[in-house]
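Below are two complexes that have chain A in common, paired first with chain B and then with chain C.
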Partner chain A sequence: MSAPSAFRGFLVKEVRHILRDWQTLLVLMGMPLAQVLLFGYAVRSDVRNINLAIVEPQPDAATASLRARFEGSSGTYRFVGTFANVAQLESRFKDGTVRQAVVLPMRFAERLDRGERVQVQVITDGADPNSGGIMESDALAVLRRWDAARGGARPALRIDVAARMRFNPTLESVNLFVPGLIAFVLTIVSAMMTAITIVREKELGTMEMLLVSPLRPRQVVIGKVAPYVLLGFLDVVIVLTAAQLVFHVPFRGSVTLLLAESVLFIVTSLSMGIVISTNASSQRVAMMAAIAMTMLPTLLLSGFIFPIAALPWPLQALSNVVPARWFIVIVRGIMLKGAGFADLWHETLILAGITAFLLTVGVRRLAVRLG
Partner chain B sequence: MTSQRDDSPALGTAHAIDATGLTRRFGSFTAVDNITFHVMPGEVFGFLGANGAGKTTAMRMLIGLLEPSAGQATVAGYSVATQSELIRRNIGYMSQRFSLYDDLTVRENIELYGGIYGLTDDEIAGRQDALLERLGLSAQRRTLVKSLPLGWKQQLAFSVALLHRPRIVFLDEPTGGVDPVTRRRFWEMIYETAATGTAVLVTTHYLDEAEYCDRLSIMVDGRIAAMGAPDDVKREAGVATLDELFLRLARPGTAA
Partner chain C sequence: MRAILFLVRKEFLQIVRDRATLAQLLFIPFAQLIILSNAATFTIRDTHVVIVDQDRTATSRALAARLEGGRQFLVERVTSSPAEAERELIERRASMVVHIPPRFEQQLVRQRAATLQLSVNAEEGAVAGLSAGYAQRIILDFANDQSATLGVAMRAAGEAAGAAETTVLAPSRRGVLEVRPQQWFNVTRNYKHYMVPAILVSLITIIGTLVTAQNVAREREIGTLEQLNVSPISKMQFIVGKLLPAWLTGMLLFVVGLAAGRLLFGIPLRGPVWLVVVGAGVYLTVALGIGLFISTVTRTQQQTMFVAFFVLMIYLLMSGMFTPLESMPQWAQYVAAATPVRHFVWVMRAVLVRGGGVETVWREIAGLGVAGVAVLALAVRQYHKTTE
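Coming up: the complex of A and B.
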């Protein structure tokens, strides 16, 4: 075993590499902040200020009351106007001046008073399925609330939605994005940067020098990835702080537990980075492999953007081996539901298992590759 | 010469390197085929051969980057198969890519190497000053390595590989890509090193450099085709130049 000072010197070198490449460092620290703001505001503005039109061929007391209801939902709707028929909206939908329309029938108040079932149509701009789904469910909620508040004996509206979307809108707010965002940022910082930093030494030929030295392969690997544990941890803190200060994302559970789980996921990600680095011959290959093998699954198969339940079954099965899937369940549980370790030990165990497997494979392969 | 090196005894041999029947196969391809040779302390030993002749593979087995498929070897008296830890402390290595970090300064590179080889801070400071003075780089100690000219980088890399005073230094095509004057200066450094008792094993495909070696071995298809002092090798083969011998060995079908 080489002297502890040997390892310390090696670690100092790694820190110097990172600090000296300040542009990359700036990106690694600024990116999480930019992403929180982007995701947060993008999601918000889409479900706010919806340009709403109401089609009422025959205005009466009921249509006025319903219109007032929509106008009263402050912030959600920007009321464009009332129209006599749907045909008048065609061009406005196309140029975006109207994104949603509620179409009321003739003799609306009269028929409701008689207790007839009345059909109301909601037309939604479905060009963007995410926001479309959210707008649709929002409008239905307003209609139902209005119907219930009207005090009729039974619900009178039969609501028929013109643009049916199979998409399951769970993305009502920034709250759900933050956990996925943490996973995404950590995947980039830990997996991609680890893979790149190890492959860079191979590319430069300095890895051989290290392996010929008294340093053990294990020490080389630990020394190379340790600084990225710290960087990843800082990123978690940045994302959480920004989410809290800017978007007031609820934080119901234990911060300590969340940070501990984050460290576990950081180790998971850098294990993936190590595995990738053993197969990549150049930094460019390492980067492409990290994108394909870690970033895309984290984006698409983790429940971050698309709910797991909405995926076809082969992809659902595949999502079980995507570490971010389990991490996102854990973070959402802690942040939004206030779940404790007793509720999350199952997911934690799976994540720890995946990590142990990746780390063993990665370090062993690296040692064989190099040694 | 006073010995400031690792004082572990060389086990049962005075040779710096001793290889017997060393072989390395990759699948069905035999890169190094049953080579036997030794290198004495203070000797400059050249590994000569065309690209792919097996010289780098042979070196990688000796420094512990590859496991031999068959045969055995000792380096500094320690077995390649079982004592690679001890070997690592007693050898220096420099590849054709110089193994310096471009984004670290001259001083930081020296400190890194010193630290990795377990030197104390005082030892590092003392050897660093002497080294920089010898190279005339004292004013450049805070310069990033990437802004040094290639020749200086090469000399720095070599000096750094000797910082822990290894018993044997391995140089893998150390003079690739540098001009003849710089190469000449580099070989002077190799001689100075050998004069202190350090064995030098150097691979090259420059035939003029082979003439500078105390002894050399010419490798063809993984085997040692000729071995000895340059003059002896030429005389035995009845050729005037190493060039002639090399071409004859490398392409036997076209030999005169």
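Coming up: the complex of A and C.
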């Protein structure tokens, strides 16, 4: 049997192997879809439905109109109730049934009418400093608007700031989420699956059989990973289609470029999988290594959820070798900014460099192991 | 009982003998705790800013200096060309452009109001909002301060224009509303104090669920599960024997992690610490039970892992760990309520950060207890000693 036809036979075996295990296949295809739908709807980083309490020891016209103002801003607040004093709120803040409270003084309307300086307190649950900060400025804005509407004192000077959120004007979470999700899914499908499938043959002893076949080590590797390139590619298409059809995620750049870059990233992930597989003795070890080396960095050091710029410098430096970091910049660039290859060649080059490195190391090590 | 002890001993021996497993269980969680705690943050310093100054007056320069003065912004350059700034924004060299239009100072003096434009790269959602908010606060402060300096100029301008309107700074007769914001529970606004408790939960969850699910799937795949099946231990004994070692390991990790969080990151321990330890014990039962259940409904290690990952993804992204729960649509909040992680993360934060006690969290812990019993019962039912 000549080497090329042996290789073809091997490839057919691998494809059959994957196709026969339809449960795994279903998971591989269904999981990304479920994730886009689930997280696209569910994961939001904006702050809404804040449990708000108002402390008004002495209700009057002014407190009523202020309360109406808060109740009127629909979506932002969920009005919990009015209380007579702050002490009543302590336990409610602790168990989270109240996240924010506006504390009004006695004789609120009367004192304002007399032209006095009246203090209003805004208490915010700052356990989470991010949403705490956002909640605080939201409440201050509502109070300012109320104050302006009643004709209260104006600042002597006013600088209006017209803020424009570029590339994602509504700060739609799903637009930011999809590029990261693609990277994440590809990391799982390509890196982890490759690592596991190779290590599995080692663990079950069938790798030995492949070794005595006329296949060269390089061919074994290619035959093993080729089907996963296709699977990964299908996943990208599924995720993008769902994102476009269901969430109308913008697609400002070239789809071809996006798919080409995805293929590059799939190869990167596969190479990582190969490298992991050469170092792992069992599926368990391979899986843990895949989590520690690919999944978590993709989640945390790639700008997917937390911005790179927020990392302390050692981690920022580390993030440079996380392939997903570059891939996410590329995908966001193409989808949200309509960037072309001219804008992204830098990132692409880095990604290609990492891939070449991993692939060389992986294939060489595997060859040594197998040979 | 003796049978269980033998099984427990076997599991521990397997862990201790296998260097890789031991390393996994001890080293990886702490490396993660340290990296995660530092990585999981939205607090940005040094946002790169380009200022387009088309006004070129003392006021516009003072504003630029003010923006640069805080620790938040790093002014890359000041230019007069909007096109140039746009390029910086697209090529990600700047995250924000502050555009001061021509005649900015003049408008401030004459009309007491002027507009400037802020363009933020919103590719990184949450950050864009925070940066814009921060910039707005600085600009507001700046406006207030300038009232004093420009007040003089305004009066002068008013007189020059022959107008008698010098009452700009006069107080309103309608009372002054003075708002005093106050943040509870995290005065220093340290994001780590909020995140580290949740990260601890995610660590024991990942280790617990994955290790358990994998452990059984592996024994099945390499055939040693058959040996256990033909041994005279009951299903219940088998499951307890499998879970107990993992539970003990998880508890050890949790306690050591809590201490590490306290020592390294100074996380607050405002409520009773024993309460979170008890909570962790109950919670781990649920987490491990789910891992075991996953392994009983799948066949290969690969499948097990995929299902486990899917579950973990839901845990991580929908449990309110990283994003506020209240913002999710109602149905998603129900989904979140069905995950044990959401409840235990909440318990951790309620006790450690908000200083809640038994009266605050007993319902959650009791609920987790009920869930634990249910999941274990289900896993026992689902586990078959025979192979079909």
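Everything below uses one rule, namely that the second predicted complex is superposed on the first by the 240 of 371 C-alpha atoms of A that agree within 3 Å, B and C clash if a C-alpha of one lies under 4 Å from a C-alpha of the other, contacts with A are read in each partner's own complex, and residues count from 1 in each chain.
We adopt the following convention: a contact is a pair of C-beta atoms (placed from the backbone, for glycine too) under 8 Å apart; a residue touches a chain by one contact, two chains touch by 3 or more.
This is a predicted model, so every value here is computed, not measured.
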Of chain C and chain B, partner touching more chain A residues: C
Which of chain B and chain C A:Glu208 touches, first, second, both or neither: first
Which of chain B and chain C A:Arg48 touches, first, second, both or neither: second
Touched partner set for A:Ala34, first chain B, second chain C, both or neither: second
Chain B versus chain C as contact partner of A:Met193, first or second or both or neither: second
Touched partner set for A:Pro59, first chain B, second chain C, both or neither: neither
Chain B versus chain C as contact partner of A:Pro105, first or second or both or neither: neither
Which superposed partner A:Ala309 touches (first chain B, second chain C, both, neither): second
Contacts of A:Glu136 with chain B and chain C, given as first, second, both or neither: second
Touching partner for A:Arg8 - first (chain B), second (chain C), both, neither: first
Footprint overlap on chain A, comparing chain B with chain C: 21
Residue numbers on chain C that touch chain A, as the complex places them: 20-21, 24, 28, 31-32, 35-36, 38-44, 46-47, 89-92, 95, 108, 112-130, 132-133, 135-137, 139-140, 142-144, 146-147, 150-151, 168-169, 171-187, 189-191, 193-194, 206, 210, 214, 218, 221-222, 298-303, 305-307, 309-310, 313-314, 316-318, 322-324, 326-329, 332, 335-336, 346, 349-350, 353-356, 359-361
Touching residues (chain side chain A, partner chain C) in the complex: 21, 23-24, 27-28, 31, 34-35, 38-39, 41-51, 78, 91, 93-96, 99, 111-134, 136-137, 139-140, 143-144, 147, 150-169, 171, 173, 176, 188, 192-193, 196-197, 200, 203, 281-285, 287-288, 291-292, 295-296, 299-301, 303, 305-307, 309-312, 315, 329, 332, 336-337, 339, 343
Touch list for chain B against partner chain A, complex: 63-65, 85, 88-89, 91, 93-104, 108, 111-118, 170
Chain B contact footprint on chain A (complex, rising order): 2-3, 5-6, 8-10, 12-13, 16-17, 20-21, 204-206, 208-215, 370-371
